Every structure is written in structure tokens, then in C-alpha cells.
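Multiple structures follow.
Same chain, two partners: subunit A is paired with subunit B first, then with subunit C.
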Partner chain A sequence: MKKAAAIAGFLALLALLVALPRLVSSYKLLTYTRFLILALMAQGWNFIGGYTGYAAFGNVAYFGIGAYTTGLLMIGKWHVPFFPALAAGALLSALVAILLGLPILRLKGHYFAIATLGVAEALSQVADTWDSVTEGSTGIDLPLKTEGEFFYYTALGFVIVGLLCTAAFSRSKLGNGCVAIREDQDAARMLGINTTLFKVIAYALSAVFAALAGGLTAYQNIHVTPGDFFKIDYTLQMIIATIIGGAGTVLGPVLGAAVFQLLSTYVWSKFLELHPTILGVIIVLFIVFLPRGLMTVLGRKRQRGERPFRMSDLLANVRAHRVT
Partner chain B sequence: MGGAELGQIFVNAVLLSGILALVALGFSLVWGIMNIVNLAHGSFIVLGAYITFFLHELLGVDPFLSIPVAMVALFTLGWGIQRGLINQVIRAPLLATFLLTFGLEILIVNLINYFFKADVRSVTTAYSGTGFTLGSVRVPYIRLGALGISLVLVALLAWYLRATRVGRAIRATGMDIDAARLTGVKVATIYAATFAIGAGMAGAAGSLLSMIVPFDPTLGGGYTQRAFAICVLGGLGNVANVVIGAAIFAFVDVFVGARLPSLSRAVTFAILVLLLILRPQGVAGKRV
Partner chain C sequence: MSALPSPVPRIPGDSILEARGITKKFGGLAAVDGIDLTIRRGEILGVIGPNGAGKTTFVNCMTGLEKPTAGTIVFNGQDITKTPSYRIGRLGMARTFQVVKPLRQLTVRENVATGAMFGARGSERSAAQARHEADEVLERVGLADMRGRTATELTILDLKRLELAKALAMDPQLLFLDEVMAGLNQSEIEKAMELILRVNRSGVTLFVIEHVMKAIMGISDRLTVLHYGRKIAEGNPKDIVESPAVIEAYLGERFARRAEAAGEENALIEPGTFLKAPPAPAGDTLLEVKNLVSGYGEVQILRDVSLEVKDKEIVALIGANGAGKTTLLWTISQLLKPMGGSVHFAGRDITAARSDEVVGAGVVHVPQGRRLFAGLTVRENLMQGVYLRRDTERIEQDLERIFSLLPLLKERAGQLAGRLSGGEQQMCAIGRGLMSRPRLLLIDELSLGLAPLVVDSLLDLITEINREGTTVLLVEQDVQVALEHAHRGYVLETGRIVQTGPAEELLDDPRIRQAYLGL
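Right after this comes the complex of A and B.
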């Protein structure tokens, strides 16, 4: 019964999302498209950061690679159509992630985080200086496409595919192996898990999602510059969205992206100047009171003997993580 | 490159490494003792710069004399942040403190931006831009003073951690928190003191930077990254490692900057990543 209700609710939500372009203005639709693209990036980050527990801080590198590959193929002499160009971008990102992942996934904790950050910084400067290909800081211009619905539906399709992928991943040997690596890498290795292979696959998956988001954003924004497509804000947004929703859960990244985008848009419209300050406060509050995300509030299953969420759990979270 | 140019590059690198050591000092302490990568470190530096700027602008205080004021102010702020916020989440997964300090960075930088606007400011005194020459090599007085003060503060912290009760308690907590607690160390207070010292050092670094470079509220982010790189290069766990890391970073930065200005960041980070892969424990560090 419960399951049927959940599926019905999900289908209703899906129907609403499909019908949305008819219901809202094209400006509002842009906000929803942004939410979907953020959800896509967060879903990708969830593979490496959520399930595998590696704090990747440079995923914007793959966002940028996706954007530039898509753009350059579309405007190059072959005039590749959008979807094949996007696929090429995703493939190239996966390749780069595999090649980079092999050495840097040996690092742990903060060191891995800073290595990925360094890769993103370096790529940003390469895009900035490699004038003959990327036009440097002037950037490249893609063919114009103004139909907002196209971007909305493409992003929606990708997010749904992403949900299915994540659900399959979390049930697979690969996903369970990644969780084992997160909990105790040495123990996982002792159990016969090829930790390097699993980590590299999770990292490459996250790169593919980031590249899809990057290519889509490039086509939507038309103009691609290193400053816009390699900025650390994207990395941070995907991490924050995943954390707010719940890292290492199937629905968490999408939920987190929705909450983050809605909060961000609301705060933006009400407090333009203090917008980042308030976002900062929101991040701090989430980390202090709900460090494992919203899914710990919504995702409790009664048949597993978990009691429903109570407000006092917020304080219990604090009590569990504080030092006295 | 000629001998004169080489000499100038060398002197610039030495002068830069002093201030960079101070920039990374508090960051390294906080990271080494509490395993917190404090992304708000840069915003503390910016606050220090603004304190010096306003004391000089409004009250005519000499920027060098405002350093203790900046240190005390940032020490107090750091204490409050650690006691009130970071201590509450410090046992959560690693990413929690990472994001918490990131949230603080956004918050502080944008509050500064809100109150003081994004104007680029600089502290200019009668002796700004003056210096002496050694052969053909120019040495500005302010940078020399900054180097001196940095070295004094580095030495002072090294002494404090080695010779005082609180300093020893800080190191003990960093080595083994449970053992420290058993010997009667109040961990929450020691954590607050550690973070406060780190913030105070950042305040001093900000004061010095305000005399050397023009700054706006976003000055700090780049210095957080540099501090991170320096800690990785030098390794954690020892004040001397910070100085070694800062020196390596400064020399690479100045040399690459002189040869390949457009790619300086990429080259610096490429070296950093390479080093991380080859020697994750740092050049001077033993094991982290």
C-alpha cells in the first residue's frame, strides 16, 4: 500500500514536471532548468563524494571540458549536431577523469580535495591561454537556440536517467563496493574489492554527469568563457546541494538541488545585497543541525524500525558531533 | 637572465616567503592540531587588513602598530567561532567542517562587502614605496619589516607551543585527543585556543598585506589556497615545516611569475599536484 502510494506520488510529481513549461513563465522556467542542471551535477558528485566518500573539489573541470568540447565541435568545421557533440564531451571528460583519477585517487582526505582543486585551476588557466583553440578569455560563441523548453526537457530527461543510474548503482556490486571503500578502504581491499578500479569508475561517472551539465549550460548560455565555466562556484554548488539533500542517497542530490535553487532564488529576490551572506548562514545551519542532509528527515522507514523524525533529533545531531 | 635580475628575483622570493609563512602559520596549526581545513582563513586575513586600514585612515595609527590590535580582535573572533560553531560539528565527517568554514568564509566576506563596499583600498604611509638598494637589487622597507615581523611571530609561536603549558596541551591534543583528555586537558577550550591563535596570526598577516598589496573583500580566497599549498609542500606538524613550505612556494611562484607570467597559477598548481602524488607527506614532513 505504502509503496503504491509512493509510486503514485512520484508519478504525479513527474507529470507536474513534464507539464511545467505550460504552467510557468519562460523566466521562471529558467530557474527550474537551472535546478535540473544543478541536480545533474550533484548526482554526479554523489557517486564520488557521497557513495565513495572522496571529497572531489574540482568537478567543475569536467563541467568546463564538457562545455568546451560541445561548443568547439558545434562551431568547428564539421558543425556536429548538439547531442553527438555533448556525448563527445562526456566521453572526453570520462577519459580525462580516468587518466587523472589513477594517480590522484591514491591520495586521501584533504589531500585528494586540494589535488582536484589544483587540476580545476590548472585547466581553467589552460583554457584561458590556449588561444588557438579556445579563443582565450574572450571565449567561444555557440549557435543560438532560444527555446527554453528544449533545455528544460533535455535536463529533465538527464536527471531522470541519473536517478535510474543512481538507483541501479546503489544496488549494484559497484555501488556497495564504493560504500565499503568509504567506510574502510583497507577492509574493502581485504575483502577482495579492486579499490582503484571502483574509485576510478565512480570518479569517471561523476565526470560524465558534470560534462553533460556543462555542455547543456554552454548551449543555453551561448557564450563560453574560462571565467564562467571553470569557476569554483559550480563545484561548491554541487557539493552543497548533495550535502543538503543527503550524500550517498538516491534522491538526496535532486532534493538538495531543488531546496538550494529555490532558497537561492528566493533570497536573491528578497535580499539582493545580502544574498551570499544568507546562503552562508543556511550552509552553516545545515552543517550544524543536519550534517547528513534532508534525507535523514524524509527517508526514515518504519518497517526497518526507525521512528519518525522529531525536532529533538536536530539537537541530538549536534550532541553526537560536538567536542566537550 | 642576467645576474642583477636573478638577484632581484632571489630577494623578492625571500621577502615573499616571510609573509607567506605568516599567512600559512595559523592555517597549518589549525589543520595539524584539529584536522580542520579552515576555508575561512582568508576572510580572517581580510579582516586584519581592514582593521589596519581603518585605524590608519581614521585615527592615523601607524600600520605596524595596529598589528597587535588586529591580532587581539581576530583572536577573540576565532575563539567565539570555534567555541560556538566548529566545536559543535568537529566529530562529524570531514566534509562537514570543510563546508562549515566555507559557509563562514562566504558570510564574512559578504558582510565586509556589504558594510565597506567592494572598493580597492591600500594603506599608504610616508615610507611606502621607499627602500634601499644593494648593488642593483632593490629592497623596499615595508617588505623588509614584514619579513622581520613574520619571522618574530613564527619564532614566538614555536616557542609558545614548546615551552608553555597551554602550548604543550595544544600539541598533546593534536597527538592524541583521548590521552590528552585523560591527563586533564579541557579539549574544547584547547581547541578554541588553537583556532583563536590561528585566527590571530591570520589577522597579523592581513595587517602586513594591507601595506604591501591593494586589497578588497575578496583578497583572502587566494591566500587560503596559498596557505593550503604551503602546508602540503612543507608538511604539517611543525612550525619549521611552514617556513620551508613557504620558501619553496615563494621561489616557485616568483620564478614562474618572472618567466611564464600567464601560466603561473597553472604551473604552480601542476607542481603542487605532482608533489602530492609523489610525496603526499610533504617535502619536509614525516607522516601526516
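Right after this comes the complex of A and C.
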């Protein structure tokens, strides 16, 4: 009964999203496309950061690799069409993630975060200085494509596939193993889980999603420069969206991306100057009161009819995350 | 235990695991130093030894969590010395962790299902089948009612069960149990023994590390004693506990005297044999707890507790797991604010006072699990106890006094607390408490996970500091030991004080003997 209602609601939402380009202006559609692309990145980050519990702070590297690979293949002498070029970008990202993941996924906690941060910075420098291929800081220009609907529907398609992938992942042995790694790596090893393999797979998955988002954004923006495509903002946005929504849940990243985009757009339109400050405060409040994300609010209400916000959560959160 | 299936027939000389010359060095220190050990198929091999003897490190080496510096391990005829731990798990070896390692945010069922997914028969099962298998295992260990709870909601007793369930779900042939009974009371220990025997009879070979002597004597086919990383004795359990080397290294003289006094094993739990506490002083009331109500969130744990502790007294607080002993100590030291009732200390109302005011008044809490600062040295940990003291000139003097009471700490003063063995950590925690110059010391689970000999020396320490004028309220799972060293005792049951009296009377009380001493 409840399940049927949920499915009906979901289908209605889907129908609305499909019909959306006919309902809103092309400028507004851009905002929705941006939300979907953020959702896609967040879904990717969710595999490594949410399910596996590794704070990857450099996923923008794969966003950038996706963007550059897609762009260079499209404008090079082969003139590869968009989708094969995008697929090549995703594959290359996965490959890089596997090669980099093998050493850096041995690090834990802050060290891993810093290593990933370093990787993103290093790749940004490569893009900046490898003039013969990337045109350095001038950047590259992709073929022009103006139909906003194309980007919207492509992103929507990817996000839906992403949802299906995440749902399958969370029920699979792979997903279960990744969660075990997040909860206690030694215990996971003793339970027979090949932790290195699982972590690398989760990391590569997150790279694929970031690369898809990167390639799509590149095609939409036409112009790709190291400064625009390797900036840490993307990494932060995907992390914040995932955490607001609920890390390690199927719907969380998408929900979080929607809330983040909504807030960001709204706050921006109201407080042009103070925009980052106010957005920052809102994010802090979210993280303090809802450490496990919006999905827990829905889950808690469904399970026990408890109040969704409690002071004790704040205290428990502080207690759980103090440095020991 | 009568309904147990008969033991698995054993083929003499058939070994499931052969460890030869196992050595594990950390820095220059050998935690395990050339141990040869054979585990026979189908047996229960008990392993005892003082804290820091290398028991857990040995298990870590066997299960691949740490790679031995030297030596070879052969499991079922296959050399696994260099095999990664996850593959060892799939070969049919499983373990529990002394400090439980649940997958915290997952439900009990998901925890166990993970074992079933990746264990020896994991490749035969789909994720859904593994979850189904988990239900059966939970039934076996008596956790079926808890399957939907997340691991964080469980009590320590259930976490230990979960630890076992996770390991069993891996369908192991050889299972290492690392102190699964620490913190259980007598009747819980009986149940745990029965469960362990059942697991063994179903065909699992067991390697059991345990400090609870009664349990280890009751279930082991053979007994091995480790000391300073070496094997010092092995053989029939009864012979082993009478061996002078084992008594000296591990059991302590008191245990031996007790055993000798009655000439048989039962004497270990004969009450009143070796009463240690000095004569009871007739001081004024120091701590007065009246009608205390306390708990967490909406869950009430203490429902109307009243007790008093007189100046210079040692009072034991006993009761089953979950009775509310720890909650009571937390509420007295105001780490947990009471919902009702009052706490008076030295005539002053400290109900709902800030915890630093409580410490300032002279009430110092040595928490369960020690809670040391693992990244600080022993000396730095001890110095954490002096924050509220103004008599700076006497601090050095007190530090010297603690080092003279606990010479082991002096040797280790520069070491990180996280590297200490369990007994040393407990000493350090008590030392840190003493550095605050308490008038009243609250000690939670003094003997948890400690070797008998260490427990003896800690109890001597408590008698000593009490003689010097410190009042002690002691929570202790080992009722016998607690009451032998206390002047008076209180019995807590489901949040209420159900009995009180002089320690000797409680020791001889048939109800207490039945409930906590398993007689």
C-alpha cells in the first residue's frame, strides 16, 4: 500500500521532470540542468564518500578529465561525436582513478583527503602547462550546441541511470562490503572482504560519474579552461549535496543536490553580496542538526513517528565526531 | 548443558593449524617471540596469560591482520603465512575482536549477513540468501529479537554476541575467540560457556583466549599459557593451573592459595576465604544519594536509588549487566544529569553541578574502558588529572607517590598510553584519578579484561590508597573479588537497590551466591 503510493509519487515526479522544459523558461531550465549535473556528481561521490566512507576531496579531477577528454576528442582531427567522446572521458577517468586509487586508498582519514586534494591540484597544473594539448590557461573551445533541452534530458537520463545503479549497488555484495569497510576496515578484512579491490571499485565508480558530469558541462559551456574545470568548488558542492541529502543512501545525493541548488539560487537572488556567507551558515546548520542528512528525517518519521529534529541529535553528533 | 550433542570424533594427530616459530616485532620489541603451536581439529584450546603476553597479537598473526616477522603458518595443509586476511577468512578461519568491532550504523542482521556474504561459503550465496542465513545464525546465538536494531543500540553483552554471530556466519572451521566473556557476570558466563560448547560440538575448532578462569577450565580440552610472547606451558588444564610457573606469571598466589585451601576447583569460588578489607572505619557520611532517578533520553535506568558512603570506606556496588551500575556512577559524578533525587557530597548539594565542580569537590571517576588519551604519554595522561589543583608545588611529589605505588608506570612514563597493555592502562587510569587528589574515587569495572594477577595487584593498590584516606566506591563484575575487598556492599537490580549490608554478610547470603556466584 505504502509502497504503491511511493511508486505513484515517484512516477508523478518523473513525469513532471520530463515535461519541465515545456513549462519553464530556457533560463530557468539552465538552473534545473545545473541541479541534475550536481546530482550526478553527488551520486558519484556517494559511492566513495557515502558508502565506503572515504572523504575524497579531489573528485573535481575526474570532472576535469571528463571535460578535457570529451572536448579534445570532439575538436581534434577525429571529430568524435559527443556521446562516444563522453564515454571515452568516463573510461579514462576510471582508469586514472584505479591507478591513483591503488596507492592513495591505503591512506586513511585526513591523509586520504589531503592526497586526493593534491591529485586534483596536480591535474589542474598539468592542464595549465601542457600547452600543446590543452592550450594551457586559454583553454579549448567545443562545437556550439544551443538546445538547452538536450543537456537537460541527457543529464536527467544519467541521473535516473545513476539512481538505478546506486539502488543496485546498495543491495549488492559490493555495496555491503563497502559499507563494512566504512564501519570498520579491520573487521571488514576479517569478514573476508577484499578491501583494496572494493575501495578501488567504489573510487572508480565515483570517477565515472564525475567525468560524465564534466563532459556534459564542457559541452554546455563550450569553453573549457583549467581554472573553471578544476576548481575545488565542484568537489565541495558534490560533498555538501551528498551530506545534506544523506550520505550512503540511494536518494540522498539527488535530494541534497535539489535542496542545495534551490537554496543557492534563492539565497543568491535575495542576498547578492552576502550569498556565500548565508549559504555557509545554512550548510553548517544542516550538518549540525542533521548529521546523517535529510533522508534520516524521512526515515525517522516513517519508522517511529518521532520528531525529526532533536537537541539530543546535536549533542550526539558533537560527541560522535569529537577527535579521540 | 545436558542436552548438548556429543563431541565430534577426533582423529589423533590431525591438526587444523600448525604455527612454527611465530615472531612479531613492533620496533625492537617482540610481542610474540617464537611461538610453536598446534591446534587439533575439533578441540577447544584455551589460552591464558597476563595482559601484554601477546595473545591478541598471536591471533592477529594467525588471521593475517598482521604479518609475522618470522615463522610459518599452515592451515589445513596449506601455507597461509603470506595470504591476505580476507582470503584467510574465505578459507574458513574467523575471529572475534576483544574490543568489539561491530559495523556500527548497520542493523544486527546486516552485520551478520556481511559475514555470510564473504565468508567460507559466501561465494555460493547471493546477497539475499546471505541475509536469510543471517537470521538462522541470530537464532542460534539468541539475538533474533534484536535483528532490526542498529549495532549502536546494543548493550555490551549483545555486542559480544553479535561479534560471535558475525564470525559464525562465515562458516568457519577454526574460530578464534578473544575474551568474549569479559564483563559478563556469573550466570551470563554460564550461558556463554554453553553457547561456546554448542558451537564446538557443531564441528568448529576453537581457540579461546579468556581471563575468566572458571570458564576456561570448564570448556578447554587443552590449555596453553603465554607469557612475554612465549609459550610457558601447555597441556591438561588441571595440571596447568597447578604449575608453579603459571601461578607465578599469571594466576597469582591468592588464586593458588584459594585453590589449595579447599583442595579443588570449587574452592576458587568459596566465599569468605580470604577476606582482605581492613576493619571498617566509623567515619561520617561522605556521599549521600537520595531517591535518584536517571537515564538516557526517555529511557529510565535508575528508578529511585538511595545509598550512602562513609568517609574512608570501600563500598562495592554489584549487580547484573544492565542493572544501572555505570549509570549510577555517571549520575553521581554528574556526567549524566539526574531526572530526580539528590546527590550530597561532604554535606554539599552537588546535584546537577557542572562536572568540573564535582571534580573540584573531590569526586573523581575512573570510567569503564579507561578512556585514556591514547596519543599522549603515560606521564601526560597522569598530568591530565591536575587541572583543578592549585597546590602546584605538591604535584611533582604526588607524581612520585603514584610512581612508587605503580612502579610499572614509571618505567613506561614516556610511552604512549595507546601502546600499553590492558592492565597497564587500567593502572594509568587509576593513577590519573589519584592525581586529582580525590576524597572519593569512583571506579567502574576495575577487573574488566585483566589477568587475575593484575587484578590482585590493583586491589592491593585500592586497599593501599584507602588506607591512606581515600574513600572508594567500586563497581565490579567479579562479585567475589569486590566483596572480599570492600567494607560494605549494595546490590543493584534493574535500577533499584535491592540489598545492602556488610561485605561478609553479602558474601554468605545464599541469594547473592545463587545470583552472582553461580553456586
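Simple rule for what comes next: the second predicted complex is superposed on the first by the 299 of 324 C-alpha atoms of A that agree within 3 Å, B and C clash if a C-alpha of one lies under 4 Å from a C-alpha of the other, contacts with A are read in each partner's own complex, and residues count from 1 in each chain.
What we mean here is this: contacts are C-beta pairs under 8 Å (C-beta built on N, C-alpha and C of every residue); 3 or more make two chains touch, one makes a residue touch a chain.
Everything quoted here is computed from the prediction, not taken from an experiment.
Which partner does A:65 reach: the first (subunit B), the second (subunit C), both, or neither?
Neither partner.
For A:173, is the partner it touches subunit B (first), subunit C (second), both, or none of the two (neither)?
So A:173 only meets subunit C here.
Touch test for A:127: subunit B only (first), subunit C only (second), both, or neither?
Neither partner.
So in the superposed three-chain picture, is A:193 touching just subunit B, just subunit C, both, or none of them (first/second/both/neither)?
In the superposition, A:193 touches subunit C alone.
By the touch definition at the top of the document, which applies to A:184: first (subunit B), second (subunit C), both, or neither?
second
For A:74, select first, second, both or neither according to whether it touches subunit B, subunit C, the two together, or no partner.
neither
For the three-chain arrangement built by superposition, which of subunit B and subunit C touches the greater number of subunit A residues?
Partner with more touched residues of subunit A: B.
So which positions on subunit A get touched by both subunit B and subunit C?
324
Show me the residue ranges of subunit A that touch subunit B in the complex, using the header's touch definition.
So the residues of subunit A in touch with subunit B come to 49, 53, 55, 103-104, 106-111, 113-115, 117-119, 121-122, 125-126, 128-129, 236, 239-240, 243, 247, 273-277, 279-284, 287-288, 291, 318, 320-324.
Flag every residue of subunit A that touches subunit C in the complex, lowest number first.
171-173, 176-177, 179-180, 182-184, 186-195, 248, 312, 324
What part of subunit C is in contact with subunit A in the complex they form?
Where subunit C meets subunit A, its residues are 63-65, 84-87, 89-90, 94-95, 97, 101-106, 110, 113-115, 117-120, 122, 127, 130, 166, 170, 297, 374.
For a test of understanding, state which residues of subunit B touch subunit A in their complex under the given definition.
Within the complex, subunit B contacts subunit A at residues 31, 37, 85, 87-100, 102-111, 114, 187-188, 191, 225, 228-229, 232, 262-263, 265-266, 269-270, 272-273, 276-277, 280.
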